[in-house]
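Labels run A, B, C and D following the written order; every chain starts at residue 1.
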């Protein structure tokens, strides 16, 4: 019933569902903590939204949402941000009765791997049964729109955030540098920078798709250009807020930083990253830490991976329970589905990481230093 | 740059300004923490928005905003709340170029009593100069829309919140019971329940209006039906969160509870409210406490008053400073203005008090007990 | 059950009661957000605690708490702050059985003006009946200790906070400049800078004391040296967070800024403060605004007053209700009491205002700019 | 500088470091949101603290902290909680000059895998160089003390939280039921319930210890008895707050729920847990979800694993950088160290999970329903 806000100083608050009723129904985000003077446009937001939009490749759901955004507040007459919160909305367009009817046909059933059961226990019959409500993948529209603002701010600070498919069904991308990834990761439908591995992954996904099934994978997110010392000790470590943000994405079942779960088989001297001097800057020879020491950025790349479960919507018969009749039953195959969401979820991961970083920057700096506002009248 | 959220568990986040640019520009609020199963409609919200809408009487600004709202998220197919956040928007309609031009003509000047100067020092030239941005009285649209949801919830709990003009320019309304107020306070343009005093107040305001001037006053807000024990000790006392909410309204220069500043001239035994038994319920013979003991509700009416300054926009010449030229100058008379906002601000006061109370109820109860959701599957 | 934390970025969390059991029982505060490198000592804290300590003059309770503090965490080997939270504790010493027995004798009764009733309804028989628990005036020890840290920080920024008695039982101090106040306000037991008025006030209080009664008053808090532009628009206006902090002090029944409730009888041109240029700095000819425009500091003195109710503990018979027997009864006179708390509560008011200001400074600046930490390794 | 608070409604705020100066120096926690009427004692807290205490087995640091706690606030005369925050302190005892001197000897050096470098960049020379300050493993004393209160509350609700070593240096414990784990996991120094695997793990750790090295591992935490429907959708999913809490523990490099990273190689029908009816209760045939659907508890066991890096303190030469001289150097072997912390860190993991769950319970229920306070006067 709560929990629709993320961030402390730079803060996104989202709302909306795919089949909300009412005039102008849509998904929206209010972004608070935006520095004044930014020339952000709706095209900047749209560019990010387009990354997670479905219906663009054979790998994702044929759902036809265009997800076009409008910025309805926060810009002044000159088109720049004023320091007021940005309001961004994406109106629903693909709300045909035929889809509502399909949702209605199994609204009393638990869809395996979906959130119906927990929503039943929490909200009872009032839970939104149409399009999964706030448990829909489409809830992430607000995150990505908010993340687009965060990425815009980071870009001005020289900080880059990239997400891409690292592994699908056991097929793993090779290790690549940040620049290699950047050059290649948008070259295929899966957003996997290792073009050879990507080909294999896509073939495997299409096979699985033909079985009426879906495929899991791993998405990696990397951040370059972050200064050292970002994040707060103890509970608000930067990696902890990033873990919070990433774990709040529906399909994520694991998060790891740097060497991640491999540390379980490491000795101390294999795991410790050794510092050295690169000119007058401290660097580390390895990055098992994934860019964090004591939970604060150490100036190396942030490297974080998320385990993405196979989409739970399948085109096969599945055991279910009818919550109203309280009897076991079978859920019939559902036709519109994503064979994998790895090729889209990276945009959500980028968004959550970017929001957490901007929030930490603002917490450390205050708003005025971030984006270096030119203000002759400023007293503090 | 921040501060656009109020509440901890029941939480409103607002955005928007009167002259925001972009398609579908407007003022919006996301209300988080709404219990599922409520049959709230946009008419319920509109009813409250209409209370604060300008241009309805000779006592307020001739500005022609219709302030019609839409609920764009949070309602399920049956038209009931689902537990998801409500998104409410009021589109801007009165954004004619003539008014933008007027604002542009004095955009470099400090308007006495207004927030230009502090916005200059904080945001520099990026501060929204058109229609005062987030410092506009119109910012309260989001508060009132959020407050309408809170009042809807309180009504279901049998709790009533009423606000009305208590005093204008030294003319004070007589003491009246809750029922007397309720019967009479909507009978005149000033929303003052003492019809005799109201007549005098209105006459005085119209006189002042003719001088190109504006009038200050006091608004009282009362709450009936609150159980005892609401609020949290120490920093989150219910009266402290109410004071926070009310002091955050632009025109408010003072807040007092019960006897308020009169306690400064009271002895202990005059000030202490004495408990007695009314059947099996503890009541108090007087209400100098204004409904609070130790910052928690004591079961008596909550009585709080706010001092409302005269609207700073005047139709007389006023000394000013041009911030770009850094020279002293004169601000010419401005035509569209509210002779007083007492007749409208009570709606904002009601909203803030209602939000603070629902937030405290939810903090004490959890969402499920408030509004008594019928849910056979509920486990917690 | 909650609400023991105040502040967002600079944050005090308090605990403790006068008669807590357990080894080392006391009142404590954790102050989070302290910049590194401060040479704050326990003497700096003690100086503030001494201001609110009882038993020092005939005007306050004869209670013999020495309220000596220790800093038990947050200082490094060199005795400077490290950026870690400060932990401060004041051990209980005046916990004699005779006082516990006295509290036990009326523990089932509602003491008029006290918080027993609301604590009964909230916590039932588990409410702390001994020394009023968290509803005791002694709860403010943690606030003042936290405020001492805030004042230490403000002093380094050239910002001064002073509180003093403005009015008692209708006797009002004359208007005085900041410097005049500073020179005189510690010269009498009431901390009233108008020495002539103070004499009358004290005489009146002593009369009232002899009747077994207590006296109300008004305390004023002023802040000098604040830059313009501090605070956040909308809900987190600086005056709103100050109002929150002050209204959370047990005895406070009203808060007003600048002209305060007098605005109710003002016309716009009397109320508006007119800007002018003082060299290259914008100043205002009057200060009806009390230092705030749009809720942000305008560079003039902050002036805020609080209405302080007469202490509810009296040496006269008072009607009461026995909550266990649910019958009306009489509460006998209580001997240890404060004839007024005006002479002590100013220290709590100073603390709350100082905390709110430091919190806003940190929100705007980030920690590193406040107190200008010298750090050659700093990257952000 | 911040970040010393975890939780929204049930909230722990910690402070303290191992070598803080000042009288009564120690580590402390304030636990806010504690229901009244609990008969929690310092022995209940101590029992949990003893789990993470060093110097008890050959597997951990020979450091001789007894870590004895006192409850210094929050208990009433009857020894029960009153609804006020609990204050708990552990005084420092093992603060001998010899250890301070050792820390001083390498205070300018970056210790590989430790937080010196990021603290340097954040706090400069003011960073606490003695015993690692807030980046010390000993910071977790406050977490475990706070977690002990949470576990006490959960026990009253019939909810059990257990943590134990799952894997060390590639040696993995077999799959075991909750009851099997409970019966066996305290039978060895490593708190590994698979006694055969434990033997191998311990042998391997002792070998590694002899090399001057340390060993990584995986710790699993499981929760039984949780009702379905706990947690909030979107950003405050229960698994997200748990991930936040666990990722904030210094040594944790990964978090996974249920099948975790294995989902990357799963097809939808292998990953989806199928619902069935067990009497009138919905259960799931598998638990790949680890107890979460849509981020809310689904009534099955919560299963979460954390990757624990090998302790960075080693008894071998390591490359380092002197931050003051800005030159590369060698860090000499350090003698007091933990060969592994898997056998102790489970207690911190249990604490963080327990706190997150109690916080979610309180958010859903309000304080009064949790622990079912008997209160005849209660009105809300």
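Quick notes on this structure:
Rule of thumb we're sticking to: contacts are C-beta pairs under 8 Å (C-beta built on N, C-alpha and C of every residue); 3 or more make two chains touch, one makes a residue touch a chain.
A quick note: this is a predicted structure, and the numbers were derived from the prediction, not measured.
Seen from the Cα centre of chain D, the chain whose own Cα centre is farthest off is B. Homomeric contact chain A/chain D is classed as same-residue, with over half of its interface positions used by both copies. Chain centres here are Cα averages; for chain B and chain D they lie 45 Å apart. Between the Cα centres of chain B and chain C there is a gap of 27 Å.
Computed from the mean C-alpha positions, the centre of chain C lies at a distance of 37 Å from the centre of chain D. Looking at chain B, one finds that residues 1-5, 9, 14, 83-84, 119, 121-122, 134, 227-229, 233, 299, 323, 363, 367, 377-380 touch two or more other chains.
Of all residues in chain D, only 1-5, 9, 11, 13-17, 19-28, 30, 32-37, 42, 70-77, 79-87, 89, 100, 104, 119-130, 133-134, 323, 367, 373-380 touch chain C in the complex they form. For chain B in complex with chain D, the touching residues are 8-9, 83-84, 227-230, 233, 299, 361-369, 377-380. Partner chain B is touched in their complex by these residues of chain C: 1-6, 14, 110, 112-119, 121-122, 134-135, 139, 167-170, 208, 211, 213-218, 227-229, 231-237, 239-248, 250, 253-277, 280, 282, 285, 288-290, 293-299, 307-314, 316, 318-321, 323, 326-328, 363.
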